[in-house]
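Two complexes are shown next, each including chain A; its partner changes from chain B in the first to chain C in the second.
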Partner chain A sequence: MPLNIVSLVSVGRHPQSGRSRRAEQDGRAVEMGLKLAGQQLSVVHVGNPDEPVLRQYAGMGLSSLTVLKQADRFDAVPVLQRYLEQKNIDIVLTGVRSESGESSGMVPYLLAHALGWPVVARVADIVCVEKGEAQVLLALPRGQRRAVRVALPFIASLDLAAPPARQSAFGVGLRAKIETIESIGEVDQIRVDWQEAEAKPRAKRLKTVKAKTAAERFKAATAKPQGDAGKVLINETTQQKAQAIFDLLLEEKVIR
Partner chain B sequence: MAIDWLPSVLIVTLLILAVIGGVRRANLWRAGQPEKVDIVAGLLALPKRYLQDLHHVVARDKYMSQSHVATAGGFVLSMILVLLVHVFGVSNRLLAGALLVALGLMFVGALFIAKRRLQPPSRLSKGPWMRLPKSLLTFAVTFFVLTLPMAGVLPEGTGNWLLTMILSAGIIISLSELLFGMTWGGPMKHAFAGALHLAFHRRPERFGGGRSTGLKPAALGGEVHGVAKPSDFKWNQLLGFDACVQCGKCEAMCPAFAAGQPLNPKKLIQDMVVGLAGGTDANYAGSPYPAGKGEARALGSAKGGADNVITAGLVDADTLWSCTTCRACVEECPMMIEHVDAIVDMRRFVTMEKGQTPNKGAQVLENIIATDNPNGYAPGSRTHWAADQNLPLMKDKQQVDVLFWVSDGAFDMRSQRILRAFVTLMKAAKVDVAILGDEERDCGDVARRLGDDASFQSLAKRNLATLSQYKFNKIVTTDPHAYHCLRNEYSDLDVNGVLSQGASGQAVEVLHHTTFLNHLVEQGLLNFERFSDTRMTYHDPCYLGRYNGEYEAPRELLRSLGINITEMARSGYRSRCCGGGGGAPITDIPGERRIADMRMADVTETGAELVAVGCQQCTAMLEGVVEPRPVVKDIAEILVGQLIEEVH
Partner chain C sequence: MNDFSSVAVSPVGVVRRDPRKEWMARNRLHPRHHEVISEGVGGEMGANGLMRRNPRQIGFIGPNGIKRIDRLKGNAVQTPNKRQSVVPEVVLPWHVVATADFYIFVVPDMVGGRLSGHDKDILGLAHRLQKEIAGQGAVVAVCFGEVKETQFELAGVDRLVHFAGAEFEGFAAEAKAAALAAMDERWAPKHWLFPDSIHGGTDLGSRLAAELGERPATQAWQVDLEKTVARGAGGSLDISRATPRILFLLEECAYPIDETRHQVLSLEMPEVQRPAPRLLDQGLVAVDPNEIPLAEAEFILSAGNGIHNWAQFHQTAKALGATEGASRVAVDDGFMPRSRQVGASGTWVTARVYIAVGISGAIQHLQGIAQCDKIIAINTDAGCDMVKRANLAVIDDSDAILSALMMLANEKLVEPGAVQGNTNKEDSDAA
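Right, the complex of A and B next:
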């Protein structure tokens, strides 16, 4: 039986230009959905069906996209909950947090709470789904992965470690059908009361670079700050040095 | 001849077969998309286009042009006379004599062609093309003998059965090639399709010494974007492919081919012919696509048809992405075929329908869409480079003489040196200049060459809207790519005529900085010290030279410094690309060599210590070559070093 997978997408925001774009993590949610369900994937957005960014998602090879139409001041969670309850869904894929709006990262949790499903946060890959159970790799810091098995249905939020979204093809996106579902929302009063202001960049400590050549400048610009985790072993015996490396590998779970 | 009626029957039969073939071939072209051409005007212009424009290109190769004039001229004349003398039976000694002369002329021409085929250069196709001179000679000899009695040289009815058999065989062999083969896909097809291609060319502006280099806008919003199948080309593009003589002049000039990337423009055009006619490339007898880093495909494995997707079996996408859009092939092609149009048409499909722009392509396009520059820099930092330049903004000035189009070089530290040098020169000449500042956007060059015409058109429209708010007479830029877009490609989208009406009411002049500086020097507004005796050469940027015909201004500027330019073997219209055009550094298709290294080898060969360029992209590519190598400098930088500033 083909999997019933829904990817939720939002309007992203480019960090440099502040312009609307396909969100990095949501794009990965669509990519993962396409990998698992192919053309059966449904992609859902809450908001304005005329939003041009939706075409960028659709350009990834979607023939249609569902929009639960409501104005910005309404909360996305209740309408999503109602929509997802009606369908027989196996997996809901989202980003970890949106790039615009409140960007609280709460949507997957609130939805899971409402639906009574587990949340699997920061997914790097969903390897396969067999007998009602998915094998999932979670992204941990420093490139580590944790393998877990999760029973369907569940909500997964995609980490930046997941495979990046494929290129969006203009023509495909242009021709995709946007199916609009009118929805009655609840005003998100907290959101409405908020004020948005431009974030002030934190002042950076000036680094004095005494480099003379381009190569030195490059080194100075790219060198990692010295952490306190490392140890320098020079005078120890070979035995001790080897032991230190071995311990580190164990600690990092490179070997078991 | 023993049977008098035989030759005329044979001639007429083959002629009829040729006509049938011609109709069939024309139907293959008609599978293409409609495109308006002025049929009558085209046909009327045909002789002039052939004798003047085409021969202008062919004459670069004196040997070949003279052989061709003799052979082709001799053949056409002979064929007309053959029809009169042998088919319509006009018995006139003078006519027969003229026929003998024409055949003689053709014979001599064909001998020279045959001679070159003894040791053909690698760029020439072999196969049936090796047979062609023999067929030409057979024609000349056969009809010469056949005409002798009519010219009164031999008595009527000379010859026995054996001679009749031999002559009949000669007629069949030669006319099969020269009439039948002309429309059924033999080497002589180039004459038939070539003539019609000249008449119905998609860029008639190219004839009579004109230039037409801007890409045509893609139609947006249809069922398919770009060219997926051969039938998505315009009908006259298909006709153009069929005109190819497989001379390989394009191949010999192509930088991607020389670098061992999987592109050979001649093979590409032949593959298009396979596509339009259906079948495989098994009969192709020229150099293949270089293997690049992958495996070379065996001949016969490329299959195509008018309604088959080209990149699914006929041409690998890597072939399309290897092109730097340098136009060296187009410049060299004696049949005036438009390779670059075809390549970009097919790229449009790969990008806008398949979403498969290779390597950094997808990232760059996404950046262009989200930030209006290919590297995703904050649009608000576009003017940082000019913080110390005291350059007025258009927003504040509203009206100036010169609008300086800064281009994306604004974000690049190396290019900024060129920008600053140019600003210094303009200030010294007291030019009334301003920049758009953060209102400027990428010109769309890269997006367009990468096949994303939607993004190009969007950028062009927004840039035009910005420009429409201000008044100015000239746009000057140091970037030949922006120069080309603004000058040749924006006009298709400039519905409000922003560029056709400047401040003074006349069309806005779009100029490259070298052209503009040269004007200033001519007006005596800039004074320079003589340049010390450094051996110097000049690299013509493709988008300045071949795209816009500006070869002289940069050279004049250098000469005004007292520099004696040592020209490279390939310079001017034959300049070799630096490898930086067409998004090639972004798609980065592997080959055996780097194009920039080959160009630097050209420079080194002249013994130059300094190579002058007029493009930030060329600067980046040539400076990317490992040292030791000659120094690379933009002309503006060289000039600024010699500038004599008046002290007040």
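Right, the complex of A and C next:
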């Protein structure tokens, strides 16, 4: 039985030029979807069906793309929820955080909560799906991976550690069919009320010295930071010294 | 004129000076200074058997022409060149919250069981918010699993909630979120503060926010009671909005607490009823440590000029599961690739545990490891800078220690049940 997989895509933003582009993580969501479901994959976008960036996703080898049409100031989650409820879906793939808009990363969680599904965040790979269960690798900090088993259906957000999106072919992208579904949305009131401005560079934190006397200020400016001296083993046997190191490694859980 | 033995009268009557001896006599730090100075001081036997001393021969003429006599003969007490400063123990005043009118909950990441810098910033922010709200509030830290932190008192934790137990170890986002939701129901805190981090803070906070149906401010960095400024659109926008109840905060959003001590009392925990977990943790997966970028690696075994057996070094790194690093000398000598160099002109590493084998600790190298938590030095020289910087230093030959370490690691592989701290091991075996 082929899997019924949906990848949700959004409009990305190039960090330097600010131009619209295929979002890094969403591209990975499509790539992962293609790996699991091949041509059966459906790709869904909420927003403007005439957005040229959608062609970049389609250029990854999709024959069609679904757009739930609605204006920017509407909330994407209720529409998506209604759409996903109608279909018999196994896995929904998203990025961790969008590159435009609020970038809150809440969409997978809100959808999962609304649909009553589990959500796995920061997925590096979906290794296999069998007997209604998926074997998922999570990307942890410092290049570590954790294996997790989760029952279908579920929502997964893809980390940058997932396999990168394939090259997008311009012609294929142009030929893909974009199916538009009209939808009635709800206005995102909080978003209407907030103010946006270009991001200010954040000031570097200064080393503040709370010294009361000149002598203290002088000391703070000149003294080397005094770390509490560590333990030094000199006269123990080699075996004991190695054991001391090994115990510290175990205590810090870097050896498993 | 000159009255020590550097002046000799040669048989032909020419006065010969020995500038080298004069120089040694002037330089009191010269290793042969005392030899030169005391030459001839002992006197010589006179014709009638008496010892004759020339009182004018002692001492030497200093560089500014004044005669100097060192009567201590090298027994001078070494005066420390710096004044010995005794740093008085600073006792910070208590910040007491007898009865709290409201609570602000902070869920720190507790990477490796300890508060990170990010966590401390957020505790600092919690106190700032607490001061702005009328009445007296308590800042509560909610921790899960194993906790090794001993400095909660100084980080600004008024109340501590600690969910211990096997169900919160490893990957337990669902169980943790359920516990937080129960806490929310019981205590109705004014704010929930999470670190917006990849260490689990964002994930946990998002789960709670979805559960409570509240909209959080994410990537917030300027927060007061009314207004929050948060990053949006991939960090290119600043969004100003009313401050919500749930906040995910970036690093350096506030200064950490440093002027008060806090009580760290415990808070009543409600009974948490846990739904059957839907995400089943299969444990950590073994990754090839050398595939991990050096800057990200958690555990680095680094080699310097004091390594003589490179095959053994590589084997040890493999046995311990450590990422390999090197000092510049090891790289320049061609034993390690350039990409493995740690330091100012190499990679700045952030490892939690860094083992420096045969590295002297040049400043360029120490700069590169400034952010490491625990540093272990293996060196033959107890006085080198790396030993001063290390949390644990072992003075021994690198060969011997590495082979002993390798044996320990291999023993543990054979018999995982015999040593403590092996829960993860069993998990990954099952995977």
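Going forward, the second predicted complex is superposed on the first by the 202 of 256 C-alpha atoms of A that agree within 3 Å, B and C clash if a C-alpha of one lies under 4 Å from a C-alpha of the other, contacts with A are read in each partner's own complex, and residues count from 1 in each chain.
We take it that contacts are C-beta pairs under 8 Å (C-beta built on N, C-alpha and C of every residue); 3 or more make two chains touch, one makes a residue touch a chain.
Note that the structure is a prediction, hence the values are computed from the model and not measured.
A.B. asks: Is A:I190 contacted by the first partner chain B, the second partner chain C, both or neither?
C.D. replies: second
A.B. asks: For A:L115 in the superposed arrangement: first (chain B), second (chain C), both or neither?
C.D. replies: Neither partner.
A.B. asks: Name the contact category of A:I181: first (chain B only), second (chain C only), both, or neither.
C.D. replies: A:I181 contacts neither chain B nor chain C.
A.B. asks: Is A:M60 touching anything from chain B or chain C once the two structures are fitted on A? First, second, both or neither.
C.D. replies: first
A.B. asks: Which partner chains sit in contact with A:I255 here, chain B, chain C, both or neither? Use first/second/both/neither.
C.D. replies: The answer is second: A:I255 touches chain C but not chain B.
A.B. asks: Applying the touch criterion given at the start, work out whether A:S168 contacts chain B, chain C, both or neither, answering first, second, both or neither.
C.D. replies: first
A.B. asks: Name the contact category of A:G101: first (chain B only), second (chain C only), both, or neither.
C.D. replies: Once the two structures are laid over each other on A, A:G101 reaches chain C alone.
A.B. asks: Of the two partner chains, chain B (first) and chain C (second), which one does A:R21 touch, if any: first, second, both, or neither?
C.D. replies: In the superposed model, A:R21 contacts chain B only, not chain C.
A.B. asks: Any idea whether chain B or chain C touches more of chain A?
C.D. replies: C
A.B. asks: Let me check the overlay on chain A: which residues of chain A are in contact with chain B and also with chain C?
C.D. replies: Overlap of chain B and chain C footprints on chain A: empty.
A.B. asks: Spell out the part of chain B that touches chain A in their complex, as residue ranges.
C.D. replies: 220-221, 223-225, 351-357, 361-362, 365-366, 369-372, 376-379, 452, 454-455
A.B. asks: Which residues, counting only chain A, touch chain C once they are in their complex?
C.D. replies: So the residues of chain A in touch with chain C come to 12-13, 15, 18, 97-106, 109-110, 112-113, 118-122, 135, 137-138, 140-151, 154, 190, 193-200, 202, 205, 208, 210, 226-227, 229-234, 238-239, 241-246, 248-256.
A.B. asks: Considering the complex alone, what residue numbers of chain C touch chain A?
C.D. replies: Of all residues in chain C, those touching chain A are 87, 112, 170-171, 173-174, 198-199, 202-203, 206-207, 209-211, 213, 215-216, 218-219, 221, 231-242, 252, 255, 258-259, 278-285, 287, 291-293, 296-299, 320-322, 352-353, 355, 374-376, 378, 382, 387-396, 400-401, 404-405, 407-409, 412, 419-422, 424-425, 428, 431.
A.B. asks: Applying the document's contact rule, which stretches of chain A touch chain B when the two form their complex?
C.D. replies: It is residues 14, 16-17, 19, 21-22, 56, 59-61, 166-172, 174-175 of chain A that touch chain B.
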